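These are the structures in question, set out in turn.
Heads up, the next two complexes both have chain A, just with different partners, chain B and then chain C.
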Partner chain A sequence: MAAAEEASRPFAGLSDVSISEDIPVEGDISVPVGPSTRRDEEFSTLDEPVKETILRDLRAVGNKFIHVLYPKRSTALLRDWDLWGPLLLCVTLALLLQGGAADSDDQGGPQFAEVFVIIWFGSIIITLNSKLLGGTISFFQSLCVLGYCILPLTVAMAVCRIVLVGGSGTVSFAVRLVVVTASFGWSTFASTAFLTDSQPAERKALVVYPVFLFYFVIGWMILTFSPSQ
Partner chain B sequence: MASTNDPFQFQEFEEAGNLLEANRDAVTISIEEDNIKPDKQRKAAGFTPDGDDEDPLASDDKTELLSGPNKSVPFWTFEYYQRFFDIETHHVKERIIGSVLPWPGKNFVHVHLRRNPDLYGPFWICTTLVFAIAISGNISNFLVHLGKPNYKYTPEFRKVTIAATAIFSYAWFVPLALWGLLLWRNNKIMNLVSYSFMEIVCVYGYSLAIYIPAVVLWIIPYEWLRWCSIVVAVCLSGSVLVMTFWPAVRDDHPKVIIAILSAIAVLNILLAVGCKAYFFSKPEAVLPADSSAATGLTKAPSST
Partner chain C sequence: AAVTMSAGSGNRNTNTEPWGSFDENLIQGGGAAVIDMENMDDTSGSSFEDMGEMHQRMKEEEEVTAEAAAAGDDGGEDDGGEDGEFLGMKGLKGQLGRQVADEVWQAGKRQASRAFNLYANIDILRPYFDVEPVQVRSRLIESMIPVRMINFPQKIAGELYGPLMLVFTLVAILLHGMKTSGTVIREGTLMGTAIGTCFGYWLGVSSFIYFLAYLVNAQITMLQTLSLLGYGLFGHCVVLLITYNIHFHFLFYVLWLLCGGLSTLRMVAALLSRTVGQTPRLLLCGTLSVLHMLFLFYLHFAYHKILEGLLDSLDGPNMAPIQRVARDVPELTLNATLRSLGTLLKTH
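Entry: the complex of A and B
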């Protein structure tokens, strides 16, 4: 008995240790297939109707429009970036800027391609600038934010064209000036609300100034649009 | 114990450390000095095994990387250009103020740049100036032709391209030429001060900052005001440039000094006057009287 006790005493401490028989070892050593619910969704998008696919993307774009119109600190634009919205806005703005004094002679307003080039190259240069200054935002996220924040200016362009239908005198110019200034301020404010979080504090002004210049130039293009007579 | 002349002899670790020290008497601390002689004998024999060459090179790279801002990053990587954006908002403000208000004792490069030239200032000042010229020119043309009945307002976007070409070539090709010229003179005469290409680009970029308010002033269609502001702007920006490059050329032949400094000043003046002449039309005060007289004359024969 004493010998048995002595024999068992070295193992007495083992009952405190977790490697005891009453805790079963269980698990699955097969290779995981991946998050199964996402896989199911991805597999089934082939079968869904085209309307559903398009509406899903349009809903995402529309959601981001709402985030631009009411800019509060949210990461919706940054997390799920897409470039459909900027493309849509760019094409709309370029189309609305057509039909001006440009078509008749050389020294007119911007052509369709010029608006495209200004918007996309301007966005790329501002993105490069913010990355060179040490920003943590990625390239396409920044393009996405800058493109979506053109929405107020596009709305202002539509309003300007409606106002110009009524006449192009001083009153209409004053109204257009107010509308374009307000939407330019809105665009700049919305984009800085998204972009400045990724910059260190002492460089924020260096990042905001090019954005300000970019929207100022677009606002100038909208304000100086004069319809052909 | 084995003969050190045998190249296939297994090398002890201490020997590699001393080989390092014998190769470039640099940072390593010599602990055992009695092993240096066999290494030197080996070198005198003219045979340096390849395996040992990698150790000095590896630590060479390491000490260079650890030595701070003098890393040699190739120019096709992103990090190379990030070096030129290593500034903060107050630095940019100080540099702009330093370029607008030149002080006789303060050299722009030494006081403000301090071995840290940036590309942010020159690029965005040039871009702002391009758009300022195009927009101000457009507004001033509009104001000049305001009363005329047959004037149709056009935004004139072609002029943005022309302005951009003019300003960016001034801000990049003139510094390139000046840098090449100073390098060539440096070979002939040992100057105390030599500027790198980026520093020259930086000075030229910031010297254009004074033109932005001047160009906005040119909207007002009074010739005397335009000429006053051109003279002030040219004096300020020219003096910044001349004072910056004076230390780099003062040891040179007097004729060369005059040639270089006057070339800098003349190019500056040409840019200012050229922009004013091309983008801003002169206010024509006499023409409305002439045109009404002309219409009076043409009306009189037709009424008969």
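Entry: the complex of A and C
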């Protein structure tokens, strides 16, 4: 009651204003029910078992993996971006690339850090580049897309490791070359399918080149990987 | 340009500038939407910093007036709360001290946020990336073609996309070279060394050339030196791409002189056209050519095939010379083929 009085005080001077009868002054001022139910749902997810939460996230990640493997123009990757998938892929790739090449043991450490740094800083630079070229995609969406498109290269790395178990001759090199080239092309194609939609038409080549370079470096790191004896 | 909206000021326009005079700004004080020109930094180069700074200043004026209004209200409430008679020396000092501290804090915060918004704003770099693929391609090709006109300042494109992409490409090529030569980096990573070398060269030598140009009063901006040197790396990329895969010293020397020389001549001609005087020209262009050519030389030979054991036995003063080592069969045959071709050409 007091609140109503305070609210009506500013309009005290308008008491002599007449409202014509034929303008309907009515409506519904009830609060829409939508947001409150969503809030209820969010609260209720606190009570669900941990397994369900993890499975939901894993399902989202898996869904995005499928979108990468069959790249068609869809907004699923962009709309609900998440960085779990890229982190998972990055760690897997870095672990697979570890323990390879040179003679000494102290090469094992930098390998992991190298891969991490290359992937994340490379993605950040490509994102900045596409934003500077006038792209409409947001920072984290771009990181998400670039991270997820490393999936074919990770698969290629796993295949290469298996092939290398059999030996490291010319045949295995040829097989690995084919596999890595195919997956590199797949990654580049998949990421450009998502990234270039947000760019003006004539600038697509300018955005594609850094992506090409990025996956080329990763692919080349995979190809030149040789396990230490 | 400053925007002056001060009403009722005397017409004492002693300035011929289109914007209002300094005197008007100083006398008028608050109540006018005025941008104080005398505090503006001298940003010779693009006027984009000016735009960003002006925009920031306008935002701040609003903030300051909003804060002043809020502070005024708070001060008024304090006065009203305390009894007017008790507002003696102590009360005054306390309130004054609080206000001063508050002012200092607000000013410091404003400075920091202004600096942050100005320099961490990515939009500052946006105009330098405003290129078309056709333009990039034509600039790449032009970077190898020296222009003979040195009496009139040559046009140097002020963009950063091409140079940045070239630096990254050079990093990738360098990485490949380091891996195939079996370089072992003890302190640090391969990637770190490659990135450090390339970016260090690009940024460091550009700044150094800009500094020298500033000393000899050459007409070139920092952006233009960055752009010029960046595009000059195109020759380096091509040469290294070829010679890291075909290890043939004679081929390297030919390409070094040819491609390195062409790109150096292009940069030198551009600098010559913008410098006056014999000694300044000699200084500037000599430094640039030496650094540019030596960089290519270094990149090729530092990551050549090095004998593995040599690295362990490297002492400070007793540096053993870099030697060619026996290599795997496929490369040996390639080298042998090329060498025989070379001797064939020599005999003819």
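Quick note on the criterion: the second predicted complex is superposed on the first by the 188 of 229 C-alpha atoms of A that agree within 3 Å, B and C clash if a C-alpha of one lies under 4 Å from a C-alpha of the other, contacts with A are read in each partner's own complex, and residues count from 1 in each chain.
What we mean here is this: a residue touches a chain if its C-beta (ideal position, glycine included) is under 8 Å from a C-beta of that chain, and two chains touch if they have at least 3 such contacts.
Quantities reported herein were computed from a predicted structural model and do not represent experimental measurements.
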item	value
Chain C versus chain B on the shared chain A, clash or fit after superposition	clash
Which of chain B and chain C A:132 touches, first, second, both or neither	both
Partner chain in contact with A:92 - chain B first, chain C second, else both or neither	neither
Chain B versus chain C as contact partner of A:198, first or second or both or neither	neither
Which superposed partner A:226 touches (first chain B, second chain C, both, neither)	first
First (chain B), second (chain C), both or neither touched by A:117	second
First (chain B), second (chain C), both or neither touched by A:213	both
Part of chain C, among the options 5-13, 95-103 or 311-319, whose backbone runs into chain B after overlay	5-13
Those residues of chain A which chain B touches in one complex and chain C touches in the other	101, 106-107, 110, 114, 129, 131-134, 202-203, 205-206, 209-210, 213, 216-217, 220, 224
Chain B contact footprint on chain A (complex, rising order)	100-101, 105-110, 114, 129, 131-134, 202-206, 209-210, 213, 216-217, 220-221, 224-226, 229
Residues of chain B defined as touching chain A within the complex	78, 81-82, 84-85, 87-90, 92, 120, 124, 127-128, 131, 135, 138, 152-158
Chain C-facing residues of chain A, complex	101-104, 106-107, 110, 113-114, 117-118, 125, 128-129, 131-134, 202-203, 205-206, 209-210, 213, 216-217, 220, 224
Chain C residues within the chain A interface of the complex	122, 125-126, 128-129, 131-133, 136, 161, 164-165, 168-169, 172, 175-176, 179, 182, 184-186, 188-192, 308
